[in-house]
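As written, the chain order gives the labels A, B, C and D, with residue 1 at the start of each chain.
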Amino acid sequence: MTSEARPGHPDGAPPAYEWPAGKSAAAVVSVDFDGPTPYLWASRNSPKQLMGELEQRRFGPRQGVWRILALLERLQIPATFYVPGAIAEAHPAAVRTIVAGGHEIAMHGYLHERLDDLTPDEVGDILDRSMQALAAAGAAPPFGYRSPSWEMTPGAWEKLRTAGVRYDSSLMGHDHPYWLDGLVEVPVQWQLDDAIFYRYVHGSTRAPVPASVVMDDWVREVDAIGRFGGLAMLTVHPWLSGRAGRLVAFEEMLRRAGDHDGMWWATAAEVADHHRGRYQESDGSGTTEL
Amino acid sequence: MTSEARPGHPDGAPPAYEWPAGKSAAAVVSVDFDGPTPYLWASRNSPKQLMGELEQRRFGPRQGVWRILALLERLQIPATFYVPGAIAEAHPAAVRTIVAGGHEIAMHGYLHERLDDLTPDEVGDILDRSMQALAAAGAAPPFGYRSPSWEMTPGAWEKLRTAGVRYDSSLMGHDHPYWLDGLVEVPVQWQLDDAIFYRYVHGSTRAPVPASVVMDDWVREVDAIGRFGGLAMLTVHPWLSGRAGRLVAFEEMLRRAGDHDGMWWATAAEVADHHRGRYQESDGSGTTEL
Amino acid sequence: MTSEARPGHPDGAPPAYEWPAGKSAAAVVSVDFDGPTPYLWASRNSPKQLMGELEQRRFGPRQGVWRILALLERLQIPATFYVPGAIAEAHPAAVRTIVAGGHEIAMHGYLHERLDDLTPDEVGDILDRSMQALAAAGAAPPFGYRSPSWEMTPGAWEKLRTAGVRYDSSLMGHDHPYWLDGLVEVPVQWQLDDAIFYRYVHGSTRAPVPASVVMDDWVREVDAIGRFGGLAMLTVHPWLSGRAGRLVAFEEMLRRAGDHDGMWWATAAEVADHHRGRYQESDGSGTTEL
Amino acid sequence: MTSEARPGHPDGAPPAYEWPAGKSAAAVVSVDFDGPTPYLWASRNSPKQLMGELEQRRFGPRQGVWRILALLERLQIPATFYVPGAIAEAHPAAVRTIVAGGHEIAMHGYLHERLDDLTPDEVGDILDRSMQALAAAGAAPPFGYRSPSWEMTPGAWEKLRTAGVRYDSSLMGHDHPYWLDGLVEVPVQWQLDDAIFYRYVHGSTRAPVPASVVMDDWVREVDAIGRFGGLAMLTVHPWLSGRAGRLVAFEEMLRRAGDHDGMWWATAAEVADHHRGRYQESDGSGTTEL
């Protein structure tokens, strides 16, 4: 823990986050393995579905996810895969390989449904269906959860809590784990999401950012999070980061960032379990105040 | 003052701006400490408020503002914090720490209300309410003012003038202080606003710009403003620049720019007071002509 | 073939793609020679057509295409030109020069019609009309096909198949050739399309990306595709990449990428013929699954 | 003239452009001195005009134009200023200084009216009014013309021709001067327009590009245009490029590009006069074909 995290304003400044013994910060590689499901959901009421966007996204299960799995194996890094139920059903070999590699599999909707378009009961049904699909494909319950598109409603949060979800990983209220209304949040961060830099589909108005620019920024961000003692939640999508040049740049980024002294490379579930064991909800590191 | 500021066209070129003795330019660090208020205001009539955006913005009061305060203490730089009334009420410990650090606190609406959506009377009511909230939290009157979203209307300007506001800091008509219709303007500049580079929320169509790119540009801009004898108004938001990598890059930027010879690092109020003492409004450096 | 392409997950990972003897990857230079046709199609129902956009796009046939032809001659690289029928009719000298240079000419609509705005019968009529226009201008049948705007519908796909098209080059489901529903796909990639980086027209909300940034990324991408044994499909537009600075950067990029050991520089038709000879459709490297 | 401009395809390739003796390419610095007029025109029917945008644009006549004039004097470069009539009326001292500096003044509408919103008769009236305003401010007739927003209609073109305008500088059909329907076009280029990189106003969805990135690209573009024997038309706006850091970067860019051997630095009028003397319209370098 560096002095940056102890600003010396004892009356209001947040205390330094406490990691497992010998660790001063943490990093998680998370893989949002969604394939074409976001487009299938968004266009579910559209009379026509465009092959261009479908094929672009199918690159993920066909090619990208296998490259990411091989990379994780080369670097011996554990990861968390957020897998919509429909993808688990369609790609059982990929799910088997993820499990065999020692990685975590967690929930990500059934067809990548956006929570703010659903009623709480629909959220509950989708949780059930998605949990069954993952279990049928061989993943171990209970599961963590990441919301499609990283959005959340109070009604959906309540459903997650009552469904026995161990942790959520969709929000950005801290850069370390925190309690929020009865659930452990393992926070994400837009800046460490490959999609907002790389995604280009019909109708996009900006070109993708070069991988070398993005990964150089990720190295700096992981390093800075290390200095402040926080959590670096890296998120990649197989149809985007599985492309050749981005995969190479991601590997190089992990090799550079992986050298960080005291950094704990873990799955999201391991981070959530640590938090649950170390902190009580009454510590109140995250609350719903203004 | 360098020769750049004296172009030798005596019939129309603006004269070089005169700073306090021994100073040839000025820089202000300003902190728009708005937390989730811009979203709460923008979504005030919406049936649902999304937890994703709220939590992202809550990172500011929970974590970001404390990192910025610690940074200012490390570098011994005075700053001006523009604080919506609702934030001051919800975070009194942060306000106390800002005051204890010798920084200025100034008005920024009550719930970050955009002026062009308000009647002049509503502007007046919000000014009163915001002034009371800041005073109750321990800040010293009278206050400076910065409009939420940096927009302004003639009706609101009139209200600011009659309410006894000492200066406004929302407009861009010069890169040094100037009189405008009865008030001192301490001008801002989009290029030195972190938000337009870093802000990414649902519906955004462009990815954030890496901090190293933005801060490299800020170093060049502050240096150039120093050469022309102007004012560099730096603006950061705790929920954006308080993120680890951006904080590190901001600190590095301040260390590099802070070396500038003859640069006066001051609060916006100090700059406004200097202008009021040195220039009469009849000098007319800013007028409402075409 | 490097180890990256053999991730050691034999139950589901795609096998390494097999190129002609002595080659480990491939690259195609493709030229979407569309001139003003995309704008003429998009504004076909508009009461006014703006000279600004028309003239900007006319730079392609007037100047850009000749610079690209000279560049290909200097570097002795074969290319595939996708030419709308109306352009072939209006610019026969350019078509003759393309053919004389040993390059492939393939279909790209008649007036750059977007497929998702057409019925299957309209697609069929346009295929006929475009094929006739290319033949009349001196190109050799049968032709490959690239859809305007890189979009595709199942109905149009069926028309391509029954019209005897040898290959399509509009989709992104792999980064090597693959069978898809009865046709060979020679895939494209947004990241290697100059238009999404360079195109700026009235109403655009982002500035063009500098050529040095784009071409640096292309060098990295081609190199990475070479390591993974895939296909690098480069796409340039004469009205964009024919501009002086971009042409110089493109030439420099080709000189750097051209050094790649084992890279097969070919036309799209040659790549499609290789695939057709080496793989049966029943190998099913691309399917329409989720 | 380098070999790049003579691609050896004599049947269709454009011949190398012929510049005055001893010159192999040309560059023009053009200044679109519009101040707040684009916003005043765009918001002419709006019930409220925002002070934020007005003040941002007033930086141009207050400060930016004087810095640009001083820069041109330091570097001894002649420039062409495109000045809306309303600006000339409001800022006579600036017009006098431009004329005294030996620069060209040319037409740019009266209140920066977009041509595609006007009838041909309105275009004619505005031409008259704008010509009178410039003459009254001391500029010499007859004038060149640049359309606000760089758009053009056939009806407006006809009006320009019958009004005796010497040249237009709004279109992009070549990167050297050319005849188009009875008028000499001295072409512009989006890539060399500061506004599309720097402009940020309320409602913008992308941040400005750093000046160092833009000016580095301009140096490369001017160099490449020099190699191909074309015309580099640089365009800056005082409210944008007059900002301190951008001015410094622009000066550095001109110093680097100014070293180019054989480059003719001229006004747009001088370039148009050269073209008119060297080429007949029947040479037809630009036509309205597809």
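Throughout what follows, a residue touches a chain if its C-beta (ideal position, glycine included) is under 8 Å from a C-beta of that chain, and two chains touch if they have at least 3 such contacts.
Quantities reported herein were computed from a predicted structural model and do not represent experimental measurements.
Colleague: Chain B and chain A are one sequence twice: same or different residues at the contact, by the over-half rule?
Modeller: Chain A and chain B contact each other through largely non-matching residue numbers.
Colleague: What rotation angle takes the CA atoms of chain B onto those of chain D? Round to the nearest 5 degrees.
Modeller: 90
Colleague: Farthest chain from chain B, comparing Cα centres?
Modeller: Measuring from the centre of chain B, the most distant chain centre belongs to C.
Colleague: Please tell me the distance, in whole Å, between the geometric centres of chain A and chain B computed from their C-alpha atoms.
Modeller: One centre to the other, that is 35 Å.
Colleague: How many angstrom between the C-alpha centroids of chain D and chain A?
Modeller: So the centroids are 49 Å from each other.
Colleague: For chain C, what residues touch not just one other chain but two or more?
Modeller: 204-206
Colleague: Considering only which chains touch which, label the overall pattern as line, ring, star, complete or other.
Modeller: It is a ring, because the chains touch in a row that closes back on itself.
Colleague: Throw together a list of every chain pair that touches.
Modeller: Chain pairs that touch: A-B, A-C, B-D, C-D.
Colleague: In the complex of these two chains, what residues of chain A are touching chain B?
Modeller: Against chain B, the touching part of chain A is residues 4, 7-9, 11-14, 116, 147, 149-154, 157, 170-175, 180, 189-191, 196-197, 204-206, 209, 213-214, 216-217, 220-221, 223-225, 227-228, 230, 285-286, 289-290.
Colleague: Which residues of chain A touch chain C in the complex?
Modeller: Against chain C, chain A makes touches at 35-37, 40, 48, 50-52, 55-56, 58-59, 61-63, 66-67, 69-70, 73, 86-87, 90-91, 93-94, 96-97, 200, 202, 204-208, 210-212, 243-245, 247-249.
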